[in-house]
Every structure is written in C-alpha cells, then in structure tokens.
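Heads up, the next two complexes both have subunit A, just with different partners, subunit B and then subunit C.
What follows is the complex of A and B.
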C-alpha cells in the first residue's frame, strides 16, 4: 500500500483490491480525545460516510464507488479516481475563471440535488470536490441522444453513431460529517460553511461562490426558505454579541 | 513610547501600562464577580467599573513608578463587548486624553488578545484559537487581516461553560470556568455522552447545554453521575471540538504552531489537548499564562502602541465604542505580509 496523503482525520493509501485500483481511507485515533469519545466519533463518521457515498449516487451525484467497509480497521475501500483527478480547489488555483464557470455551475447543481433529497454534506469545501476527466459517449437511439458515462480506461464499443466528448465532471467526496435533514436551517448552514471555506481559501473570489449559489437556487426545490435562512445565518456572525 | 491601556468590555476591569518594546510596567485587574447562579449584567458591571477605575489607574501609576507626564498615548477598548461597561471605560479614556492632552486610540479587543499572545510567546505567525466568554474563533493572519477561519455558530465556549456552571450552582468566584476545571479533575471516572457538533470549520454548542439541562440534571438526580463527571464530560467534549477545528485550520493554512488566547485559554486541560495535537503535527502549542489570557489592560496598551505607530491616533469624535466589532474588520497595518 502506498501512502498518498494524510489529512487531519485519515490516511489515504493507493493499492489494488480484487484487481481494481483503489483508495483506502483509514481513519486514525486522535490521542487528544478521550478514548470513548474518539471511538464513538470515528465509527460514526465511518458509517455515515459509507452510507452517504452510496446514497448520493441515487440522487445522481457522482461519488467514488464504495467497495468495502472495514469497521475494525476504521477504513473504507473505494474507487481510485485516478492520478490526473484534482480537487476543485487545485483546479480553481490553476485555471481561469471562465474555464471554471461550467464546473462551478455543476457544483451548485450537485449540492441542490443532495439537499433536495435531504442529504446534508456537512463539510463542503473546494477540497472535497474532485474534478475528473471523463469520456462521455453520445449514442443516438430513436432520434434521442442519451449520454452514457464511461470511464477513460474502458474499451470502445463498436456501435452505431457514437460521438465522444471529453468532459470534466465533478465527484463529491469526504462525507464523514454528513447526515439527513429536511430542515432548511441545516441546508443553509451547509451552504454557509461552503461560503466561508471559499472566501478563506480563495480570497477575492466572491464571484466564484456566487456562480455556485445561483446555480444552486436555480435547481433547489425550496429556494425561498433556504435563501431566507442563509441570510439569517450570515448575519449571526456579524450580529453576535462578542462579550468577553 | 509609553501607553496607558484601559479595558472593560466584560466583567474584568483592566489597567495596564506598557512600553513600546512590549515591557509591561503595570497590569492590574479588578473582576466583578456576581453571586452564585447568576451571570453578570451590563448595569452592575458598568457600575463596578466606574467604582474602581480611577483608583486602579492611580495604583497602576504607583506600580510603574510613573506619572501622567510620562505617558505618550492612551488606549481604550473600542469593542466588541457590552455597551454600558465599554462606555464607562471610554468616558474615562476621553477625559484623560483631554485633561492631559495625550493622544488617544481605540483598540479591537480580539486583536489585542492576539497581539499580546504574539509578543508574550515571541511567535510570529501562529494559528490563534481565541476562546473566551464572548468569543470563540480560529484566526490566522492573511493579507493584512486577522481572518476568522472557523467560529461558533451559536454561543461562545466560555459562555457555554459559565451557563453550565449556573445550571449546577457552581460558584462564580474566582470564575465559573476555573471552578468547572477543578471539579473536572475529580470526575474522570465517567464520561457522559454529549452532542458533538462540528460543521466544516465551525461548531455549535447550544445542543450541549440543552442536553445537560435535560439528560445531565436527570442523571445527577438519579445519582447516575456526579457533578464532577458532568464537568469532566463537558470539557472533554467541547475541547475536542475546538481541537478538531483548530487542526483543520492548521492543515488548511499549513501552520503548525498554535496559540490559545482568551479567558478559556487558562484551562490546563485545553492546553494539554492542544499540545498533544500540535505535537502529532510536529508543531507546538504556545503557552500563555493567566495574566494575559484573561482580559487585561496591558494588551490594550500594547496594541494601542502598534496601531498608533503604524497609522494614526483618534480624533475625539472618533473615540466611540461599539458592541459589535469583528476581528477581521481591523486593518492590521503593523504587519507586513
């Protein structure tokens, strides 16, 4: 197993599993936490992440395919998105705004898909969205075009009238803090966390976040309530009585 | 340059006299302690400050062996904080400025905590965890401002601990937080499960208080746990949340040293936990002692000097106070990127 990165909570390894290239995400114990609290949190996050990785796909949100959950070793074995896949954060730092706009719109759409189905990500940042190059094949069938997503490694099909386009698609990751909620407050807090992450990671980037937000509201099934709540949550920071 | 600093944004009245190089010539504090089971309210707090400020200033001069003619600057807390107490102290600052004809400058309380931390520990650019009765923020310096990377979504840590203390009739003298800490040391035999809520780099504490009110008090009544256990549990839970968001911010900003400021920073267990986390990242937690963690006048004086030297002092009309004054509103003109 090759250790490819270490975050605050988990180590990420690259290896193979049943012949497929995979990533192993292993959460480690935190020595500063009381052992009871530590194990409770690690297990909870492991289980929540596993559940949400699978759930999100039902709502047409791409996530890495989950292959195995190992509760004893606190690890998840999932699809390796490939060495050329980068975080949205990295993409934004290395590309022009114009190029990033369609991805930012897609990001807003993805969040709204999750929220519309009451899935709260809990830790939305540009480091938790991956940009993956995929080949999309358009197949003409009954005069309608159907898009079928196939990974870059798969072989070509020899069939009727196929058009291949290379497209960058977003894949959501890091669902450790996710949960289900119908509450507009939780959804607006989810957006607020992203807004703050955006502004602190990419300063002078308010327009970037605005593109995401606009796309989000265009696709949201509870636009008014969430928008109002978001305003309230934003003002809480500024209005807080900071005594002491 | 020598500066007199006046602080009174909450229940601590602080008077400090500081030299330009950071030498503290005097640092006196008088704390307003409300009766058990009560919090401090603006009216009584302002009254307390008015009662003791002149006397304390005189004592400060005595301790520093100086007089008004030795002063080059007066600094006071412009905000954030409680309206009446802030105002009581500002009035005195304005009066002295006019009486002694010494320049005056208003300082942001949170920034003052940070600058005091930096000069006392000698660190240049740590991640700052500012935790007190009124504030809980994770701050890092970036592009001319102290930016808030993570903070509480509802109440501050100190406020949560103070209200918890009130629920359990824990005494307020010398401070509720201190007494909770002492009780916690004796309660390590049982950890009670409490809500743990981290959202990105922010966190929420109101759920914990409700849980204590419902579940915790019930358990106490039924003798399923002791007060000490509850103190231990609330600390372990809340502090773990603070360490987690600090760690995220450190990973994000690529900083490995962390500084804890604000009254809650006095807590030894918090310092210990932060130290464990920092060490795992090959960094360190910088220790502050209670003279400077808790609100004090010296930090106001020192920050006043930094402001005056790199910018300008205030005209009389500008010497206002404000209850709301975000840390990231201040232009940190004395630091270059």
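What follows is the complex of A and C.
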C-alpha cells in the first residue's frame, strides 16, 4: 500500500483489492473540529461522494468505478485510472491549446450533462478532471456510434464491424462537495468556481475557459437563466463593488 | 473454487478463506430448503440468475465480512448478510426473495466460509464457478430490473460495472 497524496480532507492510497489495482480515498478526522460535528461531516461527505459517483454515470458522465464504500474507515475504494492518466490541469500545462481544444469542449459538455440533470459538482477545477487514454472499440449500431473501452458483446452471432481507436476521455472525480439542485444560481456558481480555478492555474486561461463555456451553453437546457446568473455572480466576488 | 479474501487495509494473514461452487441440475431442492430454514447448513445459497460475474459476488461477500467484523450486520448470519449486501433494497425480505433460494430451484451458487466445507448434501452436477458459466446462467433482464440499471448506463461502460457500482452505494447507512 502506497500513500500517493494527501489533500485537505483525505489521504489517497494505491493498493490492490481482490486482486485488482485500486485507489483508496480515506477521509481523516480533523482534530480542530468538534468531534461529533467532524464525524457527521466526514460521513456525509463520504456518502455524498459515493452517491454522486454512481449518479453521474446515469447522466453519461464517466467516473472511476466505485467498488466499495468502507463506512467504518471513511474510505472509498475506487478504480485505479492508471499511472498514465493525468489531471486536466497537468494536461493543459503540457500540451498545446490546439491539442487540448476537443477535451475542453468535452469538459463543457460533461458539466452541462450534470447540470441538466441538476447535479452540482461543487468543486469544479481542472485538478478534478482526469484525462485517460483509452483504446475504444467502436461499433455502429443503428447508425449510432458507440465507443466503449471494454469488449463489445457480440449480439447473437451478428457480424458487427468493430474498429479500434485510441482516444483521450475525461473522467470526473472528487464529488465530495456535490449536491442536487435545480437552482440556476448554484449552477452558475459551479461555473464561476471553475472560471476562477482556470484563472489561477493557467496562462491564457480566458481562451481555455471560453471554449469550455461555449460548449457548456451549446448543450445546456437552461442557457438563458444560467448565463444571466453567471454575469451576476461575476460581479460579486473579491474586491468588487456591490454598489450598483 | 477457493479464494483468500482480505480487505484493503488488512494483511494477507488476516484473510478469510471462502469456497464457492456452482451446482446445476439439483434434484433435492426441498430437502436443502428445509435444512437451510432450520439453520442446519452454514452456507450461503445464491440464485444464479442474479449473479453476473465473480467480482459481483465477491464484492458483496467482502462487504458482508466487513460488516461482521465491525459488529454491524443487518441480518443474523454472515451467509444472509451476503444476500443483503447483494441487494439494492433496504429490506432483508426482498434480498432473500430475489437473491436467495427460489421455489423448486434447480441451480444454485453455494458459498462457504468453513475451513473444510462439505457440499455432499447437494445432489446435483457441479459446474465451474467462473465468469463464462455465470454469464450463461444469469438472467440479464432480471438483473437490469432488480438493480434498475438503464440502457444509458450500460452504454457508458457495461452491465458488470453498473451492477458493482449500484451495489457499492446500496443501503448506505449514515
């Protein structure tokens, strides 16, 4: 078992579980908090994260497979996405903007899928999105292209044309602060958090974020309201005058 | 087949041995039923229609074992706890109904934690317990229905993965 990183709330270990390589995210107690409150908080965050990891998949958002929730140790046992999988933050810092554009578009699409189903991530940053290289098997079913990482089941001895392509796909992680809400305010705040994250971690962040945002609005079910809300939220924030 | 299972934070010495067998063409269902009801068989009998992969059953088993170790089982024995851990429903009754022995069953997956398990009471043909056999004997439509897995979810990855994920968050007690 190897400790690979420690965040503000949790320790991340890499180990094997039932013969598979896994990542274990263990939340630890904060001694400065009142013990009862602390216990409730970590359990709640654990359960919220677990539920959201599963829920996001319903909305076609890829997340790591959640194998187990160890409530006694406040841990999540998840799929190890592999050593070659990096955060979007890392990817953007090491690749040209041109190469990153399709991924940024996909990112916008993913956020809109979550928001369209009222799932607020709560901590949108480029460190919370992983870029995974997958070998996808592509098949055409009823003129729809389905790309999957695993073996495509041969349906009843049909001759299906399967093409293998290597593609980079985005996997969302860290749903500890996620919740459900229909409110456009919450959605615009989610986006604003991402905008600020881009600003503070990447050069030419405005261009990058614009690609994400454009793709988001192209896929959003509530474009107008969220857009106007986002403008309002932007006018708040640090060192901004609330005086009209 | 035998497995040595241990939790993520345990060492190999702390692992438990489990034996899993798949029986088909069972002809003494009634006899087994009554023995199980009397509590005279210390084994877990699982409906093969509902199990899609080895991993599926092992995940539930290890969770049941963890619950037992922490004195936090919802059911009375670890054998019944496995059935509850497989189930997406809060109630124990539903777990037994879907995942446990069915009326006039002819096939069963049998799991034991015993050191020297004796399976002679089951009169049937033993098949290998592996993914390909499980896929042949499972009822995909039933599984999709019990776990309420939509086509979208399956399209994203696979039924196997969707089942594991659904199971991991079921009956999460705060």
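To be clear about the criterion, the second predicted complex is superposed on the first by the 217 of 244 C-alpha atoms of A that agree within 3 Å, B and C clash if a C-alpha of one lies under 4 Å from a C-alpha of the other, contacts with A are read in each partner's own complex, and residues count from 1 in each chain.
Going forward, a contact is a pair of C-beta atoms (placed from the backbone, for glycine too) under 8 Å apart; a residue touches a chain by one contact, two chains touch by 3 or more.
Computed from a predicted model, the values in this text were never measured in an experiment.
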(request) Identify the partner contact of A:236: answer first if only subunit B is touched, second if only subunit C is, both if each is, neither if none is. (result) first
(request) Could you say whether A:51 touches subunit B, subunit C, both of them, or neither, answering first, second, both or neither? (result) second
(request) Mind working out whether A:177 is in touch with subunit B, subunit C, both or neither, as first, second, both or neither? (result) first
(request) Report for A:68: first if it touches subunit B alone, second if subunit C alone, otherwise both or neither. (result) second
(message) Between subunit B and subunit C, whom does A:193 touch in the aligned arrangement: first, second, both, or neither?
(response) first
(message) With both complexes overlaid on chain A, does A:36 touch subunit B (first), subunit C (second), both or neither?
(response) first
(message) A:224 in the overlay: touching subunit B, subunit C, both, or neither? Say first, second, both or neither.
(response) neither
(request) Once the two structures are superposed, pull the subunit A residues common to the subunit B and subunit C interfaces. (result) none
(request) Would you pull the subunit C residues touching subunit A in the complex into a rising list? (result) 5, 7-9, 55, 58-59, 62-63, 66, 70, 72, 150, 152-153, 155-158, 161-162, 164-166, 168-169, 172-174
(request) Using the touch rule from the top, collect the residues of subunit A that touch subunit C in their complex. (result) 1, 13, 15, 17-18, 22, 24, 43-44, 47, 50-51, 53-54, 57-58, 60, 62, 65-73, 75, 77, 146, 148-150
(request) Quick one: which bits of subunit A touch subunit B in the complex? Just the residue numbers, please. (result) 7-8, 30-34, 36-37, 40-41, 122-125, 177, 189-190, 192-194, 196-197, 200-201, 203, 233, 236-244
(request) Over in the complex, which subunit B residues touch subunit A? Could you list them? (result) 9-11, 79-82, 109-110, 132-135, 142-143, 147-151, 153-154, 156, 158-159, 191, 193, 196, 198-202, 236-237, 240, 243-244, 247-248, 250-252, 262-263, 272-274, 276-277, 280, 295, 323-326
